[in-house]
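Consider the two complexes below, in which chain A is the common component and chain B and chain C are the respective partners.
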Partner chain A sequence: MDVPFWNREIETADRSRLETIQLERLRETLSWALKTPFYQKQLRQAKISSADDIRSLADLRKIPFTTKDDLRLNFPRGLLAVDMKDVVRIHSSSGTTGIPTVIYYSKEDINNWADLMARSIFATGASSADVFQNMMTYGMFTGGLGMHYGAERVGMAVIPIGGGNTKRQIKTMKDFRTTVVHVTPSYLLHVHTKLEEFDIKREELALKKAFTGAEPHSEDVRKKIEQLWNIDAYNSYGLSELNGPGVAFECVYKNDMHLWEDGYIVEIIDPDTGEPVRDGDSGEVVLTNLIRRATPMLRYRTRDLAYLHTDPCPCGRTHRRLSRIMGRTDDMLIINGINLFPSQIEEVVMRIPEVATNYIIQVEKRGDLDHLTVKVEIYPKLFLGDPSQLEALKGRITEELRSAIILHPSVELHEPNSLPVSEGKAKRVIDLRPKE
Partner chain B sequence: MKLTQISVFLENRKGRLYDVCSLLGKTGINIRALTIAETESFGVLRIVVDKSDLAIQTLRKNNFVANLTDVVAIEVGDKPGGLAEILRVFADNDVNVEYMYGFVEKFSDNALLVFRFEDTDRAAKILADKGVKVVTRREIEGL
Partner chain C sequence: MAKQLTIFLENRPGRLSAVAKSLIDNNIDIRAFTIQDRGDYGLVKLIVNNPSQAYLALANLGCACALKDIIAISIPDKIGNFELLTSALAQNNINVKDAYGFVLQTNLKGVCCLEIEESQSEQAQKVISSAGFTILKDDELYNL
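The block that comes next holds the complex of A and B.
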């Protein structure tokens, strides 16, 4: 098989060379981190006051973990390591409990990120000859812009169409002879079901490859996508705390994702003890960002569960491969590629006086897409006996949820004490999607 | 003049209407008039009963979401144009009807209809002025 390299020297560097790069960059990152109020405090407690306290990669474990809560509690500037005049990009995620998280990027940070992204794209065999339709959401979400910059660096013809509007997606694929798309797996399946409706045949499209990401999916879903569309689908992994997409990406062999170890240090830990698991065992993915100065990120607990392959990949790359994400250690849901914490919904519904204290979040598949239903109990004293009042209430809850969580849920009104409560503790989330 | 209507919120669940009716039946409450306002995902049952105080207490004690609304019950000639005659009185006097529904039974040759007005007091006064026969609370209780 033809194996293309963006940077053969780094991608095939032996372990000791990679580790030398990692240690050097870790020490640099640590000095940047020490410029931020959050890490000053965090590292002082761990008795780390300068890069000299990190002498080998084994010393990494002296550094405390960083969690999403740390990012929230230190919003908006607690992890900012450079002057604002050196910041060229700000990405922010919506708040899970009212407080968002933010990541700043310097010009160099964006450059480093785009380079890893370009490396990822190139590893799949895509090139400047391709027409690339980026069907991922742009804006504050890193999936859209992150991939965009990498694709431009590769020299692809980039169509920044963003997510949604299926008819336009299909028409665009046809008009511009799109060969590669970046999309959530569920949406790509959904688009296929619409081809007939819009009277477009698969043969009229030039599609060859899909980069799938933003939501965990199984090998079966990949096979389904590949068979239905007659394309190759490549899995990808990333999160904004670690820049965004391009942390790990599949190569032409499609046997799980090379994690770019000159850009990130990966650890797999036991989420309960924080200790490393045995080589090849699954656990929580912990990542240190080695290539971002404006918002350094040391030992970030991703809450994603996965494992690292121990066997080499036939492509010759030495960067280890991360498995598909097998689950989460927290209650985060991923719905059509959008991350959602139940607390975000709670915050909205509890703000509405006509809603009583119990609610249920239900997720199911409708066709190929995820559908979210929020069931709330109404507060009896505020019921005026009028159905139009209840319809208005339902509309208000839907609208407030939509603006808070981006997703468009169905809202159901229920009688007080009618929603199931298990073992005294309310079970808020019912996920009816088939387990992969 | 005014009667009490009970509105009960019904979530979209099998047997919920039965639950209300069976509870009222066991408590010895008789439903005089009833209608259901439905949407795709829930319904609101509206009833006029013989013992409204007892009914609302019982419903609330059993965790139903229920509320009281003032309505007026009117006797309407059970003949062609009977309803139109009454509605003309409202139209002429600028009285807005929010909704209306029929009784299960009647106690004369006339039909009985429940009306919910935008402004109940004003509607009741106009009805009295025009000499329209309305059903009293006592009549409902003894029907």
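The block that comes next holds the complex of A and C.
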């Protein structure tokens, strides 16, 4: 098989070379981190006052973990390590409890990110000869712009179409002879079901490859995509705390994702003890960003469960491969590629006096897409007996949820005391999607 | 004014019988009922012999229910009378939010219950009386 390299020297560097780079960049990152109020405090508590306290990669474990809560509690500037005049990009997510998280990027950070992204794209065999339709949401979500910059760097013809509007997606694929798409797996399956409706045949399209990401999916889903579309689909992993897409990506062999170890230090830990698991065992992915100055990120707990392959990949890359994401250590749901915490829904429900505090979140597949239903209880004292009141209430809840979580849920009204009570470990989430 | 009891119920088996059982337990007698289907839920509208007692009984069970004013009209069971009533309201630009009717004695006597917007309720009662219909007093309706 032809194995293309964006940067053969780094991608095939032996372990000692990679570790030398990692240590050097870790020490550099630590010195940037010490410029931020959050890490000053965090590292001082761990008795780390300068890069000199980190003498080997083993010393990494002296550094405390960073969590999403830390990011929220230190919003908006607690992790900013550079002057605002040196910031060229801000990505932010709505977060779980109304407090958002934010990541700042300097010019060099964007450059480093684009380079890893370009490396990822190139590893799949895509090149400047390709027409690239980026079907991920642009805006504050890193999936859109992150991939965009990498694709431009490769020299692909980039179509920044963004998410949604299936008819336009298909027409664009046809008009510009798109060869590569970046998309959530569920949406790519959905688009396929619409080809007939829009009277376009697969043979009229030039599609060859898909980069699938933003939601965990199984090998079966990949096979289904590949068979239906007659393309190659490559899995992608990333999260905004660690830049976005381009943390790990599949090569032409499609046997799990090379994690770029000159850009990130990966650890797999037991989520309960925080201790490393044995080589090859699964656990929580913890990542340290080695290539971002504006918002340094040390030992970030991703809450994603996965394992690292111990055997080498036939492509010759030395960067270890990360498995598909097998689950989460928290209650985060991923619905059509959008991250959702039940607490975000709870917060909206609590704001509306006409409904009680009990609620149920139900997720199911409708066709290939996920559908979210939020069930709430009528609060009896504010019930007036009017259907118009109830419809207005439904509309209001739907609208408030939509603006809080981006997704468009169905809202169901239920009788008082018919849903599980909020005390104890009430099961609020019913996920009816088939388990992979 | 006469009261109608409106009950919010989920649209699933067993909910109506739960309400019916609670009414029996409280010696409530049903005069008329209708159900408005709204998809995942329904609104049950009841005329009973003792609306406030029925309301308390259901509220104690935790039901979302409400007492609503309605205009209950005694109508002779004769072809043309419903048209007469509704055109009188129409001519005065009075909107009917919801309505249901039942026959008490075939060819003799029927009852029509109307939900009218509060702002138009007083005018509606005048129009109905002027058209020659009798509005039932609370007790007359409850003890039919």
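In this section, the second predicted complex is superposed on the first by the 430 of 436 C-alpha atoms of A that agree within 3 Å, B and C clash if a C-alpha of one lies under 4 Å from a C-alpha of the other, contacts with A are read in each partner's own complex, and residues count from 1 in each chain.
Methods note: a contact is a pair of C-beta atoms (placed from the backbone, for glycine too) under 8 Å apart; a residue touches a chain by one contact, two chains touch by 3 or more.
Just so you know, these numbers come straight off a predicted model, no measurement behind them.
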item	value
Superposition on chain A - do chain B and chain C clash or fit	clash
Contacts of A:412 with chain B and chain C, given as first, second, both or neither	both
Touching partner for A:383 - first (chain B), second (chain C), both, neither	both
Partner chain(s) touched by A:327 [first = chain B, second = chain C, both, neither]	neither
Touched partner set for A:316, first chain B, second chain C, both or neither	neither
Touched partner set for A:164, first chain B, second chain C, both or neither	neither
Touching partner for A:353 - first (chain B), second (chain C), both, neither	neither
Chain B/chain C common contact set on chain A	378, 380, 383-385, 387, 390-391, 412-418
Of chain A, residues touching chain C in the complex	378-380, 383-385, 387, 390-391, 412-418
Chain B to chain A touching residues, read off their complex	5-7, 9-13, 37-39, 41-44, 46, 60, 63-69
In the complex, chain A residues that touch chain B	378, 380, 383-387, 390-391, 394, 412-418
Touching residues on chain C, where the partner in the complex is chain A	6, 8-10, 15, 36, 38, 40-41, 43, 59, 62-68
